[in-house]
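Note that the chains are named A, B and C in the order they appear, and that numbering of residues resets to 1 at the start of each chain.
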Amino acid sequence: MLRKQVVLWADLAGTVVFAIEGASAAIHAGLDLLGVLVLSFMVALGGGVIRDLLIGAAPPSAIRDWRYPVLAFAAGLFTFLLHTQVEAVPAMVLTTLDAAGLALFAVAGAEKALDFEINPFIATLMGTITGCGGGVMRDMLLTRIPMVLVANIYASAALLGAAVLVIGRRLGCPPAVAAVLGGVVCFVLRVAAVRFNWQLPRVI
Amino acid sequence: MLRKQVVLWADLAGTVVFAIEGASAAIHAGLDLLGVLVLSFMVALGGGVIRDLLIGAAPPSAIRDWRYPVLAFAAGLFTFLLHTQVEAVPAMVLTTLDAAGLALFAVAGAEKALDFEINPFIATLMGTITGCGGGVMRDMLLTRIPMVLVANIYASAALLGAAVLVIGRRLGCPPAVAAVLGGVVCFVLRVAAVRFNWQLPRVI
Amino acid sequence: MLRKQVVLWADLAGTVVFAIEGASAAIHAGLDLLGVLVLSFMVALGGGVIRDLLIGAAPPSAIRDWRYPVLAFAAGLFTFLLHTQVEAVPAMVLTTLDAAGLALFAVAGAEKALDFEINPFIATLMGTITGCGGGVMRDMLLTRIPMVLVANIYASAALLGAAVLVIGRRLGCPPAVAAVLGGVVCFVLRVAAVRFNWQLPRVI
């Protein structure tokens, strides 16, 4: 029961962070108010919607529970109205909040997939998709090659965090411990990757 | 029973209008016959398919009922063969037909979501997605930023029309009255927005 | 039972071919290792995932059965490590393998849709989507207009192959005969279209 509450609050916190980022990207791309709200929704909830469709949890929780879209739209509207103040937030704060949102979503996504009796390997992928799916949809709507496919370690951090949770559960860790461990790994790896500019190898 | 018939015919009429528009966009983008048929299908039925997946109505009606794809493909083929004549249709006629299609889809989409016991707020979003989803898929396939996110009042008209229907139903209106009211609001708002070049606010 | 085995092996073979192609496209686009793996997954399994969501077979087999993603990732990693050798494979060999993959997926996709009691006309479309969906997702992720909508006969070959299978089954052919016939038609048409540069008509 307590665990459910924690997952819910983590989920809602991640939703707010990602919705603000989606709204920011939309404002920079010159979209109008509606475009800003759509991107808030997509970035905040797109990853979870894809995960839920894939694991057979239709309707997705973002559709079933009105608190998610209301929160995403509210955060988007807030960003639209206060964009000057949001712009003034230092980049490192945004990166840290984004890493926290990524960690929350990766862990919550893998957790939910396990609850739906999805194979552990695939539950790890589902955590990654939950964390990164919204950003991919943002980039596709703005006709950019998805940042996570090109740029520094982002999806990899989500993947590793989800893997730590899944492996921890397999080894008999209490669920809360596995979740915290996975989240911390994802968060630390992401922040360190930005700080030290780590990159994955590429051919060309 | 009569209501079901009306919804069905409205849906089929909207399908034809949107399929012709999809085919036109494909022809302008230099796609071949198959690309024209694919865009006819996507623009006409894409919004409804996304709605049905999200509300848990799988398989979507566009897949379950062969009349929808056949109609979309027929309208696309017709546009391909008679493109010179279709091009000659005045822009205001096209805008009016498009606004009618948008109204039909927004109302039918919200109605169907309510039938699936989706929360009223989210049913409104589902109506909007039904009306606009096909156009978004068209723009993404043609690698353009979706028109509805940037341009004048379009998705907002669908949103308002769907909201009128949902609120009307909540206030105890007979379903047919709520649907007609919602459709008229969407249609009039869209046509007026084009006529007077209304825009939503944007930051930049 | 034997038939199930054959479909499974055909599916796995198609997965490997398409994953290698996806990885190649990702390497050429300058994506990093993770991007290469994502495109391997998407090209190999994206079409089947879309089909499964549309016919109501959630979770899709690519999510339910860990062998599919493991195989796609392994083929992607292999291509990443041995890209010089993969590049050296003559274009005609790649075209032939790709045509074989297309034929396998088109036939397996139509077959699965029929198993889910989808209308024959729509089962044909589902076969086409299974064959072409992954390539469309690749092009959208790389922000290109999907090749199948513009270029020479590709989706049309998948469509015809799937149609042959569906019609064959309708006329009472043994399933294996209908599948082989459909696959051969798709394969031969695709290879011939590349060899003789056949194109579908277009308006402009």
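Just so we're on the same page, a residue touches a chain if its C-beta (ideal position, glycine included) is under 8 Å from a C-beta of that chain, and two chains touch if they have at least 3 such contacts.
Since the model is a prediction, treat every value here as computed from it, not as a measurement.
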With chains as vertices joined when they touch, what's the shape: line, ring, star, complete or other?
-> complete
Same or different for chain B and chain C, where same means more than half of the interface numbers show up on both copies?
-> different
Please compute the C-alpha centroid of chain B, do the same for chain C, then give the distance between them in whole Å.
-> 30
Residues of chain A that touch two or more other chains sit at 53, 58, 140, 143
Note which residues of chain A are touching chain B in the complex, please.
-> 26-36, 38-39, 49, 53, 58-60, 63-64, 66, 69-70, 80, 83, 140-143
In the complex, chain B touches chain A at residues 53-56, 58, 116, 118-119, 121-122, 125-126, 136, 140, 143-146, 148-151, 155-156, 159, 199-204
